[in-house]
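Two complexes come next, and they have one chain in common, chain A, joined by chain B in the first and chain C in the second.
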Partner chain A sequence: MRSAAARTDPRRIVEREPSVASRRSYIAVPPDRWLFIAVALLVGIGLVMIFSASSATAYAEHRDTAYYLKRQTEWLALGLLCAYIAYRLDYRLLYRLAPAIFILSLLTLAAVLVPHVGIAVNGARRWLGFHALSVQPSEFAKPALIIFLAALLAKKNEKIISLAGGLLPACGAIVAVAVLVLMEPDMGTASLYALFGAVMLFAAGARITHLIAVGAVTIPPAVLAIIASPYRRARILAFIDPWKDPQNTGFHIVQSLYALGSGGFFGVGLGNSRAKFFYLPEQYTDFIFSILGEELGLIGTVSVVALFVLLAYRGIRIAVAAPDRFGCYLATGCTAMIVLQAFVNIGVVTSSWPVTGVPLPFISFGGSSLIVNLVAVALIANVGRQRRVDAA
Partner chain B sequence: MHRRALARVATMRAKLLFFGFLAIAGYLTWRLIDVQIRQGPVLAKAALAQRSDTVDLFARRGSILDRDGHILVRSLPSQSIYAVPHDIDHPDRVAAGLERVVGKLSPSVIADLHDRHLWFVWIARKVPHAWAKAVKALHLPGVQLEEEQTGRRYDAVGTLASPIIGFVGTNEQGLDGLEYAYNGWLRGHPGKETLETDVFGRPIPFGKRTIIKPARSGYSIELTIDSYLQFVAEQALGAQVKRYHASSGTAIVMNPRTGAVLAMASLPDFNPNRFWKYSAFDWRDRAVEDAYEPGSTYKLVMAAGALQSGKVTPQSRFPARNSITVGGRTLYNAEDGLAAKGATETLETIIADSLNVGAAEVGMSIGARTFYTMEMKAGFGKPTHIGLPGENPGIVPPPSQWSGSSLATMSFGQGVAVTPLALARYYCAIANGGLLLRPRIVRAVLNQKGKVVYMYPTEIERRIFSPKTARELLTFLRAVVTRGTGDPTAQIPGYKTAGKTGTAQVAVNGVYQRGLYIASFIGMVPYPRVRYVILVKVDHPVGSYYGTTVAAPAFSKIALAAMLRDEARPRPSSSPSAAP
Partner chain C sequence: MSLTFGANERILVIGLGRSGVASADVLCARGATVYATDEKPASALVDVRAQIERYGARFVAPDELSALAPQLSAAVLSPGVPLTSHVVRCVQAADVPVLSEVEVAYRLCRAPIIAVTGTKGKSTTTELIGHLLRSCGKDVRVGGNIGSPLIAQVQGIEADGYVVAEVSSFQLETIRAFRPLVSVILNVTPDHLDRYPSMEEYAEAKMRIFANQGVHDMFVGDLDDPLLAALHWRAGTPRLQARQLWYTLGEHHQSATMFLRGGEIIYAPITGDPRPQTVLARSEIPLVGEHNLRNTMAALLAALALGCDRESLRAAVATFRPPAHRLQPVAEIDGVLYVDDSKATNPDAVLAALRSYRRPIVLIAGGRAKGTAFNELGAAIDARAKAVVLLGEASDEIASTITRTPIVRAATMPEAVSRARELANPGDVVLLSPACASFDLFTSAEDRGEQFAAAVRNGEARAHA
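What follows is the complex of A and B.
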């Protein structure tokens, strides 16, 4: 009966243990062309916008307008190498490595918190490594968490509908990572973990009532944490009314809206941004979308949103057609991670979401983020590369 | 739950998830439309206001030219040097480079250069062009030049005519001399421009510039000053001032037919380019600011009154004496005057030999009313309105304030105070047949293209005596040079001169001081058709104090130079209607 179902609908997800899967059961299909186009366009737009948005700062700081473009290009080369490896490997290998990856990730996150090991920038310890070659473990914890959750959920399978047997262990994994990041402190990334963790639980079939219950338990402490911290409270208040204090707490948002509003429908033209002349802070990292909106207008911003929707569509499609549950959850998680980050970032710059330091995937300047997102896309493509043809 | 049921749920959830993403994307799109299209124009306007900066545009101050259009003073756009310490990697190297151009930097500036948090520090304001060029050539990182909104004033001729020209302050506002008096014409009117700037106020490279108000350059003024005669006058005066260790001196050259001042020297002088290094004593234009007791040169006022009233003719004879007692005071012939000869003397002899006793006798014979009327007609005691700042009207007391000896002493120039300019103007009336002219130093106002927009005309104030009287007075002045006190120091080879010596004791608080004199000479050339009236006055000479020895030699030098130059290059200056 199982094989009959598979034959009638090859896309039907057939639950099976990935470790016992026979490779002969699957054929390799060409990589997903639309996924590739979407990501290639986003990366291309990213390079162009990084050059444009950072040129004034790059010249002021390094006497080289292309300084940040060059750095990003180097990261892109490294990212493509990692992505190629992630694409070529059999993703089922990750199923077995998942616990190890997760523990390693927890260890690096913990290491960041140790003084003299973690590098503090603006009062937050988020970095590991040396001056020029530093990485953000919280970025690499994202795919680690996704891999671990995907493996856990695939293993739990239908047990996910039980609270204690399935849902709570998964929640525990999310909380473990989130708490470590929260201690840096980096509430934006922590809430992002919670967000795409919840999305994975939802996709895996957890009961809605359970998810609501978990939310009811975790959200109030989060709100309390926000109220307790003056700068987080200020950010929320600035989100509610950025014009109340446009020179101070509302500064980022007001400058972002100025840039977007200046762009109008067609934009002021590529390279012609005025906000990048030190008016808009983080103009080539977290707020690069505002510069894009100023230079390319609504056409540019909506195009980028559309590219992320295309990415979401292809990602979900691949997840649905995945040959096994691990692949399904892996693709869902990776898709959710990229798309949710993009939406949070765009939400922040359009004053639709409180300010959280989340970069725009593929477009914002930053090596860790670029590598992680490229690897995530490679994993989605990896899953999409294999389709079940025979259940034998 | 059945396995297949879970599969169905998972597929459905995945689809739901996508529609959730789609919904968020839809919401964000709506937000983008709201921000970029609906609120777009308002936000764009606010952003433009935030980065717009209105700056003044450079307006050039008008030039000062001499009568031939040669530049005396001109403004140039100026640049200032500033540094952006934030961009400086090697502050010591940059400081060393700057010091090679602008000289030693102050320790605070050097400290600022080392402070990488600073974005701006002035190195030098309104630097000379050569400095700006040199700094540019050094290509020092973090060192920039900025255009100033007012120019830098350059006096091309240095000290020449400096007391007339005056000087300007740091923002090019006229502070003294013609720079002050004609500031309204000369000053430029800066324009206004709006430009887009970055957060630090620096222009955005491709930003739009909108001129709100165009800059308007100032008008130029063309002077009646003849640079050559000014130079000669300063040299001749300077030689006498130096030779007799005088405290100061004045020389004026005027065209008697137009009232144009061709030269007006005042020593000591100063360099307007570095006016702050001099004292107010050096800034003074003594020809108009200092009134003095003229002494014997004033006898021509008494003589004019005597002849014009008809009470005295050139043939009238007066008893020749060497002393006279008037109002309880005994007066003597002055030391530079020659002793009285014979029993009687004519007015011509009184003038030629500068006899004070004779002058007092003539003065008393014509009466206070006649004398005072001539003083008033000649414009003494009032400013000449030449247009230079700080003009001294002089002191000419009315007869009601006179003492018993006043009429007698005033007849030879004691008890009145006049400026050199007022006296030179009076001698112009003698030279031109009796017309009192308004002295002029500015000939014309020119617009930015050099076209004349206003020409100052020759202004005749009034006739003060008849041509006949003028002719007779001129004869007296000729006699001074041929056989009187001006013989031979006021004579020049090849040309006939005329003039009057003056030696006056200086009174301080009403008491005449022993050893403090003012030596003067007012002469004319060529006689009898006079083209130049030349006044030379030397204050507090040491060694000699006679007008004939201290002042007349300077007159001769100036007169000879003027005549030699005219012979080489004839000027149409013999008729009053012609240019000055």
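What follows is the complex of A and C.
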């Protein structure tokens, strides 16, 4: 009798004990499955495409069609090791290390510029180390800048809405890195820093009017730098009309568009590219997306774009659900870095963006880029690990 | 049209409890033309009428209101008056905005407000936040529901100080712009269902506390309370604009900003260095009970959010003394909880005390009447108490308002306690909440409370001898 009364008493409808359902919803989750799938597929597609796109060059240079595939696989093993460490360690530790990481990164970028220390290829001094085992400090500067900005923005918090107290110091960090990279010269990477840096500032709540003002101050010098340098001017002109000079300045883009166009909807078939036989330069690095489009067609290119969109979606979700601001900005920055770079690269290949030498994340050949992007994804997943089931 | 609550405005104060009297005082001092009304019989209002007329306000009987209503700029509502009452309807019919006292206090306040609500623990937490902020060197005023009305506290505080306000769901019903810098909801458990049609509507009223908060404001909540946990940002309900600071005693560490690990209170900051840091050990908290641990965590989060450093907070928590003789648990003997609310010297405070417990209540009341009517109290005793022990001069007056509840009379405090003990079963509460002044039998309210506690302990000693 008493229990029946208790059950019908409206005051008993809500009890203090959390229900089983709500308790279960707070159990820790394994790494974000969709993020993992997207990256695994991109890396897989990358290995296949590197082998296909580089085999002719590899045979010509090294008498081994799988030469670049082997190198990339070695880098992948190293990259996975780094990524695993980046995933297991608590990302919160990076907050304290951020200034040290950033200064180290500035020092290596400066070292690149010193003759006989930095290695020059095609007139640009971008590498450190020996030629067989060389690294690009401008790649490693990306996560360093993201970690530093994330810590700075987490510390500044609401002060970011003030120009002098919050926004300008953060912009100063971006400019410091970008200027060093610009001196290599590598305008593509420098502009990427500015792009993902701006995304992080926006995510941190910087006033949109301030961001526009900073952009208005930065863009004229950049335009001047383009006009002042003959090869950059030529690239812009080639972007506006590649067919004006298809044998010279427009050569790259024209060959890329030929490759994409001949791929059609379904592609000419894996391994059947013709552009890779010394027509299209950089065919296994910055222009690998053209070969992908030629061999796998629109289906292949749209799939790759879709995988990057999936990565962006999962990354943003994780950033939004991050338990603290540092984690939020870290995930935002890493996601923006990968996705923006992918879209700039695809933009260049499809002639929707002026030619700049940035690789396609996970797919282009290149050890520094692969390691950095894997570590970035691991950091996103690390932040995502602090999430609960009910957010998935 | 924006209200200034100054000259050229005609403002009606509805309800002449402490809050209404304080509102009339403040508004008169600001130069407004103040009217006041109350539905209580005129005989019960003689004293307050004289008081508000001294301030310069004019009393208006409820039946004269309809003539006055169209000329009013605004009406200020005291917490005790329901929105459905005749006077409120009359004023609303004339399109006059009806604002609660906290709303007016908010509009007059230059300092940021920390607002605390919840079914239980409001007073302790409000006092504790005030104590913590004070020991971090801030200028702090504490007011609200119990104690002094908020509107009396906001006068003269500067923008760099803080006002810590205890607000009830009733007060939150009539807020409009009220926007605390930090809102705290301690818990939402079934209560006041006499006034709310459903639990949902009661919860909704509490959640109005953050309705006007923006992204730069903060919210503190208990993650272990299922109704509150549904507000968590990860639960996918974007109702809360404010930054969320959650605390938990449970296993939801990763979703909380403050949690318990190995007997230590751990703070995982949202901004700045995100690594979890120990604030203090649970054993350093002088308040007893799990509910007080939660209250302490809520207060710590609010203070940390406002920039207090961990070291001063740690020291400050240790020096906090809970308000004595205000719903102060004295002992729990044979399953009966003895509560000292000796400072409840008017019927309003006893109403609040009676609403504080879901367990059956044996009330000890009486003393020297202060001229207030006991009608409402009698009805509340009938609704809430299983028995009442009356003590002191006002016994007959109180007894005349009670229709159903069994009444027992006592001459001294030890006798009252022993009669109450006989009436109580395990699981009940024996509540000393007199509704009267103490000067007939005791030297002060404190003396009355101490005699009560002594009688409770003597009874325990005898029972176990």
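As a working rule, the second predicted complex is superposed on the first by the 359 of 392 C-alpha atoms of A that agree within 3 Å, B and C clash if a C-alpha of one lies under 4 Å from a C-alpha of the other, contacts with A are read in each partner's own complex, and residues count from 1 in each chain.
Assume a residue touches a chain if its C-beta (ideal position, glycine included) is under 8 Å from a C-beta of that chain, and two chains touch if they have at least 3 such contacts.
Every value quoted in this text rests on a predicted model; they were computed, and no experiment measured them.
Looking at the shared chain after the overlay, A:His62 reaches neither chain B nor chain C. In the superposed pair of complexes, A:Asp324 makes contact with chain C only, with no contact to chain B. For chain A, the partner with contacts to more residues, out of chain B and chain C, is B.
By the touch criterion defined above, A:Arg207 lies against neither chain B nor chain C after alignment on the C-alpha atoms of chain A. Judged by the touch definition given at the top, the superposed model places A:Asn157 against both chain B and chain C.
In the superposition on chain A, A:Thr301 makes contact with chain B only, not with chain C.
When the two structures are aligned on the shared chain, A:Gln386 is found in touch with chain C, with no touch to chain B.
In the superposition on chain A, contact of A:Phe277 is made with chain B only, not with chain C. In the superposition on chain A, A:Leu93 makes contact with chain C only, not with chain B. Judged by the document's definition of touching, chain A residues 12-14, 157-158, 205, 325 lie at the interface with chain B and also at the interface with chain C.
Those residues of chain A that touch chain C in the complex are listed here as 10-14, 16, 18-19, 22-23, 26, 28, 90, 92-93, 95-96, 154-155, 157-158, 205, 321, 323-327, 386-388, 390-391.
Within the complex formed with chain A, the chain C residues making contact are 189-190, 193, 198-199, 215-216, 224-227, 229, 233-236, 250-252, 254-255, 268-275, 358.
Every residue of chain B that touches chain A in the complex is listed here, in rising order: 1, 3-4, 6-7, 9-11, 13-15, 17-18, 21-22, 24-25, 27-29, 31-33, 35-37, 39-44, 46-48, 50-51, 86-87, 141, 196-200, 204, 206-207.
Touching chain B in their complex are the following residues of chain A: 5, 12-15, 56, 60, 63, 157-158, 161, 199, 202-205, 257-265, 272, 274-275, 277-279, 293, 297-298, 301-302, 305-306, 308-309, 312-313, 316, 319-320, 325, 328, 332, 336, 339, 343, 346-347, 350-352.
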